[in-house]
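In the two complexes below, subunit A is the common chain; its partner is subunit B in one and subunit C in the other.
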Partner chain A sequence: MPVIRMENFGWRYEGQERWALRGVNLSVEQGEFVAIVGPNDSGKSTLVMAMNGLIPNNYYGVIEGSVVVKGMDTREHPVADIARHVGFVFSDPESQFLSMTVEEEVVFGLENIGLDVDEIRERVEWSLGLAHIPMDYLEKPPYELSGGQKQRVAIASILAMRPEIIILDEPTSMLDPVGKTEVIEVLREMRRSYNATIIVVEHRMEDIAPLADRFILVHDGRVLRDAPPREFFDDIDFLLEHGVFPPEPMVFVSELRKMGLYDGPIPLTLEEAISASREALSGLRGR
Partner chain B sequence: MPKMRRSLLGYLPEESPIFSLHPVTKVLFLLVVSAYPMLTQLPEANLAGSLFMLALFKAAKVDLSVIKGYKMAFVNLFFVIAIAYTFFGGYRPEYTVLLRLGPIRVCWENLRWAILVYLQLVLAILVIIFFLSTMRERDVVVGLRTLRLPFVVCYLAGLSLRSIGLSIIDFFTIREAEKARALDLAELPFSEKVKKFGLYIVPLVGLAIRRAEEVSNALDSRAFRFSGLFKGGKRTDYIPKKYKIRGADVALIAIMFAFLAAIVFVNYQYGWLRAENSLLYRVRFG
Partner chain C sequence: MSDPSKILAAFRPGEGGRLGRLHPATKLWLLTAMVATPLLSPSVAYEAACLFQSILLSAIAGSRDRIGEALRGSYFFIALIFVINYVFSGDLGLSASMVIRFLSMLVVSIALLTSMDPAELGDLLGMLRLPKSVTFSLVIALRFIPVMADDIQTISAAQASRGYRGDVGGPLERIRRFAPILLPAIVSAVRRSQILAEAMESRCFGSPARRTSLVSYEFGVEDLLWVAYPLAPLAALALVGWNPT
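Right after this comes the complex of A and B.
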């Protein structure tokens, strides 16, 4: 049974003529790692906000169809109920901080769901460990950490609640390269050791492709493609036409394929791209 | 360099004795000490209160440059009060006129009231600065929770105080952005400053509205309910449980309430803290 099911879902923000999303049919299974990509203003954030109930609960607009999360219709349940199952990490780490120390920040959600003190203590240690935040940061104000550390604290505060579904809306978009790498490393760690459904809106496809089970392309409010990574990146031209820029090694190998120098699958990692290029080069030598 | 902890208004060294006190003691300190200037008209008593507060700033290891930042505000406050009392303080034939500026009479009796009120306000402001310089949002929430106030009241109080800090950060960000585009209000004459004030206020209000939306989404996304209750249970008070009320807290709270009771008693029973007992009332001109 899917943990998220969207049926013919559409959303139009109040005062807007254009539908931010329309005719979306999606289902996400337990434990899946789903990457959502698309150009700016295509409806990616609206899509993920609909998955944790922020839409329609916290925004005014017109809704079509339905979104059911863990058996709860988002039109009938408040976000606070859905939040027990769905954690949400926003793109701007500072905008989600609600407290003045790292400890309070991580503990906040746990207090809200009424866990006992020992359980809270244990979860704080576990989540900070997973997000690579040292325990001596507990007393620090989250505002004074580096960009990557801030976003990792935000992820730890969500992880601590141990939701079955974690949504990250462009978690690296406001970070410097070091911060981006740190956050991607945490995503890798989450993939390895935490069996949750992870949904990420992310532009760094080269890092996400090896982790994801599925890629979803959102364009102009519609889901245009929904496929496993290799199949998703198979038609690079289609992605480029729709404002998605795949990693350069993929584009390079795709060009080799067009030139008839390579006929294997599109590589998802740099290593795969190197071996595909070698294969193409050895074919050239043979000619 | 000592290790510092963030407070609502700046930083405080970790070795500050204020950190050994329970937040409820600090919250009660604010309530009791701010009542003092409201109950006391006697300017000498308020002046002594201000000196006491300065000693507390020192004892708590608060950086006194925090107060220096308010220097101009203190000066302006005096002029505003003095002008208000001069224009609207009224006139009686027995008043001592110090100066005539056309139809305006500057009277000693009005000026005396201005001094009285000013000293009350100075003490009240020092108490607030001390409170904000030594408290964190968490202390406010824990202090109020210990007093058994509803969760929503405590959390809103904490969030409101923190929003002051956030607005100050936003203000500086906007100022830097304006400066980067060659607009520095500090360089402009007063009339231009007033005209261009909108250039600060409009983005500041816009940012505040955006922050409100973000905070609201973040609260909901972490299962927050204003009632402090969730389905099947009550919110856990994890942070408050980390604090213990010690003997020093009990002693200080007892002293504060005894002091408050004494002030109320001497004021209403004997009137010792009324304005008429001030040395300012013995000053005679001519």
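Right after this comes the complex of A and C.
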């Protein structure tokens, strides 16, 4: 049974002529890692906000169809109820903080659901470990940390609640390259050791492709493609036409295929791309 | 140069020295009593005693540097308070009294708010059974002080790099010139507050479950002594036989 099911879902923000999303049908299974990509203003953030109930609960607009999360229709349940199952990490880490220390930030959600002190301590330690935040950061003010550390604290504060579904909306978009790498490493760690459903809106496809079970392309408010990574990236031209820029090694190998120098699958990692290029070059040498 | 953003920056949370370890109820009492007393005071002498007491408190809290920073940022307002009161009353004593009241409130607010973690205030109001929405509104308001200070500094730098100057002209001109700083800061604050509200809900804020707390507070002997502290000027003046009425 899917943990998220969207049926003919559509959303139009109040005062807007255009539908932000329309005719969206998709389901997400327990434990899946789903990457959502698309150009700016295509409806990606609206899609993920609909998955944790922020839409329609916190925004005015017109809704079509339904979104059911862990058996709860988002039109009938407040965000605070849905949040017990769905954690949401925003792109700007600073804007999510309401506490003056890392510890208070991480325990905020745990106190809200009424956990006892021992369990709160155990979860704080576990979530900070998973997010690669040293325990001696507990007393630091979150706003004094680096961008990557801030976002990892934001992720830890969600992980601590142990939701079955974690949504990350462009978690690296406001970070410097070092911060982006740190956050991607945490995503890898989550993939390895935490069996949650992970849904991430992310532009760094080269890092996400090896982790994801599925890629979803959102364009102009519609889901245009929903496929496993290798199949998703198989038609590079289609992605480029729709404002998505795949990693350069994929584009390079795709060009080799067009030239008839390579006929294998599209590589998902740099190592696979090097191997594909070697294969193409050895074929060229043999001619 | 008078810079209003310096006043905001002075309210950044700090360690609070000895005051940082007090029970939040004690800190809230100190803040309320010491802000209110100069306002209710009937004489300049009593107000001066309150100011002295506030300065002593700030020294204990280790916030003298912050107060210096705030005074540098607010001398324009201090002058304005004096001038306006003198123009409308023609009474030098009253004008001085208003300035002393302002200074007293500024000093004590900085000393206590920088020693009080917003979460402590939230916990305290929670103990008083105030609705969570009210307590967290206050917590967030305090949390946003350093964020707003950072925003104003960033916006000031951005505007200055495009030739903006806020320190020229008379009082009205300066207020008018603050608009290019204030408007983006308000827009940014509104945007941040919306994201923060969503982030809080996404961590089950508003859930019907009874909220627990990781930290617990104890009311000790030191707290008792500090509870009596705001009454000290009155006691001292009573000892020297002064009648405030």
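Here are some notes:
Heads up, the rule we're going with is that the second predicted complex is superposed on the first by the 287 of 287 C-alpha atoms of A that agree within 3 Å, B and C clash if a C-alpha of one lies under 4 Å from a C-alpha of the other, contacts with A are read in each partner's own complex, and residues count from 1 in each chain.
Definition applied: a residue touches a chain if its C-beta (ideal position, glycine included) is under 8 Å from a C-beta of that chain, and two chains touch if they have at least 3 such contacts.
Source: prediction; values computed, not measured.
Per the definitions stated earlier, placing subunit B and subunit C onto a shared subunit A by superposition produces a clash between them. In the superposed pair of complexes, A:139 makes contact with subunit B only, with no contact to subunit C.
In the superposition on chain A, contact of A:235 is made with neither subunit B nor subunit C.
Using the contact criterion defined above for the overlaid structures, shared-chain residue A:226 touches neither subunit B nor subunit C, since it reaches no partner. Applying the stated contact rule after C-alpha superposition, one finds that A:7 touches neither subunit B nor subunit C. Comparing the two complexes, residues 52, 54, 58, 78-81, 83-84, 87-88, 90, 92, 95-101, 103-104, 107-117, 120, 141, 157-158, 161 of subunit A contact subunit B in one case and subunit C in the other.
Within the complex formed with subunit A, the residues of subunit B that make contact are 5-6, 136-138, 159, 162, 211, 214-225, 230-239, 241. On the side of subunit A, the complex with subunit C involves touching residues 52, 54, 58, 78-81, 83-84, 86-88, 90, 92, 94-101, 103-104, 107-117, 120-121, 141, 143, 157-158, 161. The touching residues of subunit A, counted against subunit B in their complex, run 52, 54, 57-58, 78-81, 83-84, 87-88, 90, 92, 95-101, 103-104, 107-117, 120, 139, 141, 144, 157-158, 161. By the touch criterion stated above, subunit C contacts subunit A in their complex at residues 13, 117-119, 136, 139-140, 143, 146-147, 150, 191-192, 195-207, 209-214.
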